[in-house]
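Scrolling down, you'll hit the structures one after another.
Paired with chain B in one complex and with chain C in the other, chain A is shared by the two complexes that follow.
This part shows the complex of A and B:
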């Protein structure tokens, strides 16, 4: 009985009519975490690619940090999904017996492709030379670790470094569409559900993609400033200005796309419109208008937009960039929330609503979701210790 | 060729009308009218199940829902149903009120005063066993599948409990079993059908408001029911190929 206490509470607080099976909110905050974390990966990677492929020198200080951030979050990306399963130990079935008409079945493959082929390879090529050097400098166990990481390849010739660089570049080029695929695909998981009018829009993959870029860029900006703070180093203001500029442009596109989606919905006003209108104005008011649009979009847009015309003193800009990056991260979290949770608050009968409490689907969901958000930062700290970007040898081009 | 005829006679009109009418008639012969709405039975012989509900016969006793819970070990809590009954009340002010207390199992209490009621009726709900079922489409491991008899079934030893099918079902007919951690839904009592027995809900219905049968057999009770009545399926715009047919259902019902 205790197990169902919150469900009975929800049952007593229904607005209108919902199908009896809809009182249980099947996809809870863990599933909010899933597109959020995947988006951070895709976004951080795309920021790294901007530096590498499009040769934007000013972003150089964040290049390796972006890659390591992407990897840290990527390693955890599937965990919210797996821990949410009713039968977590059967998750491998999705990989060995995928049902090919399911949008979800392909996730494992997109994930593995991205993790193994793109992220790990790119980081490996980027660090190979440094790891050889470190393996020579260190002793004992660490020497073995670095040696193992180089796969016992010890070539340090300039020619080999140039090959690394070329291959790394090639992988980055492959990586950009892969990052698009990874997150556009996550959007498709929701966008392809015709039963749910709040999700079912062809815009969903594109919106997810751009919001992913926004959140990933904000995350790297935040992490870059944090690392410098911890290491007591000065932030490269040109780098921060450039990141902020990209954040601004992509945020405009993201906001335009989401607005288009909503305007289209409002103008078309199909049979689901009445219930969605009440949903957005009522149960989603705080998370949608205040958090997603106000804090997560309009405030950052106004602040960085203002900086494009008038640049206040450096330290003010730095503080504002820190605040903006946090606001964007919070805003995108609420964007995922509004999609995942919002899509389950109204009944598919279009006649009523249920409510959401974090403990509705089994106690620890919120804590578990928080855990899966904290673990990547710990992984990142470990990776920064193991592969410190600030101890890397100068880029091969600068040797000659 | 390009000169427009100035004087259009009555004879011209008749010829044109005749041509159009004849054309429509011959076109209709080419694609004969199908009794089965929005879906078509696949090639093959053997039974292919459809279900019919005669709204006018349903008295809202929810014996079907009760029998289903007992037969299929559905948790007794009011959040898990393979089968439930809704009461629709349309008031004189054209307001729609829908209730389904414990899926109808606890009985219905009409809260709208009788003088304000324009009409009221019961709608039993269950899996539509769609021919193009969105739930089996999205299952990442293929644990949800359509049987050769046209029933959407779940292999619970294989289901990973991701809940994607629960989201994909437009009719709210699936739930995650709280003890098993896998999805559960109506099977049309497949375990009984294979033994030649009727599904529990069909047996329990005291007014024979529920019927089921082979859609391939044009003389079956269900085929006749669909042919002889003004039948509709729920949410036809979603093109799920639903095979749960309601007789004279109000369009307010979703």
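This part shows the complex of A and C:
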């Protein structure tokens, strides 16, 4: 009830019959950011893994970028949750009171596993040799930083690099199911809520996973172009075409899965169907049909699909790729919005609606959510400065 | 064992040790008293100021005639505070400023009475928001405290 001073104020925002605990929509736009950001992490990582495990030469320029992107978003992934709690002075209690029987609390473990065992390790193995070299080149404080980052290992022998490579490869292989776990888990949180017909479907983890891949790939594509723009380098068009091709395939799968889910729902037309129909045609019309399906899915599919048959001039393709990547990112944001907010707008009595409007400032606000989307880019800029991929030594295989 | 693995295991060991120390020192005192939460949280919530007062014990004491009319009308099942906003301040210090006297527009009554297909007719009577005695204020005909008077 915090949002409304009392029931008196709340009544003006309701429609039909609704249970008292549904009046205030508790999971606000910050909770929309949470699956969004986690999805970007999982997606960017899966792109990196595809690259490494299947050895796709054309994607090489994006390998390290996608890893660093995944890391910078991962570091922020918990922040929307923590700020949403609105307890800045005791948020840490959540982190030090682990719980094994709550699906939500399991996120702590999934998160730690993914951050510490997968992402950090893979990046560490990838950079260890370079950091040793850099620690020798630099002086003073930076030298200490790089030394600390290498954990004071100064071995630069080919044998040690081979070990790095092998262990890194192993981590990548472990990492793919872990990335699936990470985002499948987020989908599971929603899919397992059986009282909510908008969420409760076994498809949810799979849908989340594929939409995560879509958004992660679009993000890496966007960031790759941005980095080249800032560094005044030429985009590798072959690389962009390849990323776009993957984006296209996965977008098709994602769209097919989501449609399947909806068709299933429409055909089953169980007792919740009437209210969901009103929901989708009314309060979610803009975010669902226009943003998620139109801007986020159909337009990118049509554009990249067209490029698979007819390739216009390079610079046109580049501009279109930039636009498409932004559209996909926006579309997936609205997909998360439709799930998180949409699922709370209607009453579980199926007889009424509440309403939601994100405030601009304050806790649980749109600005705070935007902040958690911008901070990862700053972290990424820092990481790119600290660990510049363009100064890396050639891969160990190319030495012999 | 390669040196990389050795060092990493040390780092992980260190991390786990730090977590253990943090858990030991930072877990709040009343944690787990009743369940997997801070026992004190219950008290903190219970100590919050109550804003919705018990209408039978308060409003009725001073506004006896309105309350009597009200109790015999169709609105008797709803709380005074749904239309007048919370009364905790007014009850302590009854002035006009700390209670709402709703300005009756049509929208005010239609919050609850507007036709809505999702709302069963036998729960609450509904009228067509536009057609029902167009352009007239509801309280010209219905007394808010006793709609059929």
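Here, the second predicted complex is superposed on the first by the 369 of 400 C-alpha atoms of A that agree within 3 Å, B and C clash if a C-alpha of one lies under 4 Å from a C-alpha of the other, contacts with A are read in each partner's own complex, and residues count from 1 in each chain.
The working rule: a residue touches a chain if its C-beta (ideal position, glycine included) is under 8 Å from a C-beta of that chain, and two chains touch if they have at least 3 such contacts.
This is a predicted model, so every value here is computed, not measured.
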Chain B versus chain C as contact partner of A:275, first or second or both or neither: second
Contacts of A:234 with chain B and chain C, given as first, second, both or neither: neither
Which of chain B and chain C A:22 touches, first, second, both or neither: first
Chain B versus chain C as contact partner of A:97, first or second or both or neither: both
First, second, both or neither for A:313, with chain B first and chain C second: neither
Touched partner set for A:139, first chain B, second chain C, both or neither: neither
Set intersection of chain A contacts, chain C complex versus chain B complex: 7, 11, 16-17, 90, 93, 97, 99, 102, 350-351
Chain C partner contacts - residues on chain A that touch it in the complex: 5-9, 11-12, 14-17, 90, 92-93, 96-97, 99, 102, 116, 121, 124-125, 128, 151-153, 155, 160, 163-164, 167, 274-275, 278, 350-353
Residue numbers on chain A that touch chain B, as the complex places them: 3-4, 7, 11, 16-24, 26-27, 81, 84-87, 90-91, 93-94, 97-99, 101-105, 107, 189, 192-196, 343-344, 347-351
For the chain C and chain A complex, residues of the former touching the latter: 2-5, 7-8, 10-12, 15, 19, 22-23, 26-28, 31, 36, 38, 51-52, 79, 81-86, 100, 111-112, 116, 118-120, 123
Residue ranges of chain B in contact with chain A within the complex: 77-81, 84, 86, 96-100, 102-103, 125, 134, 137-142, 158-164, 166-178, 180-183, 238, 254
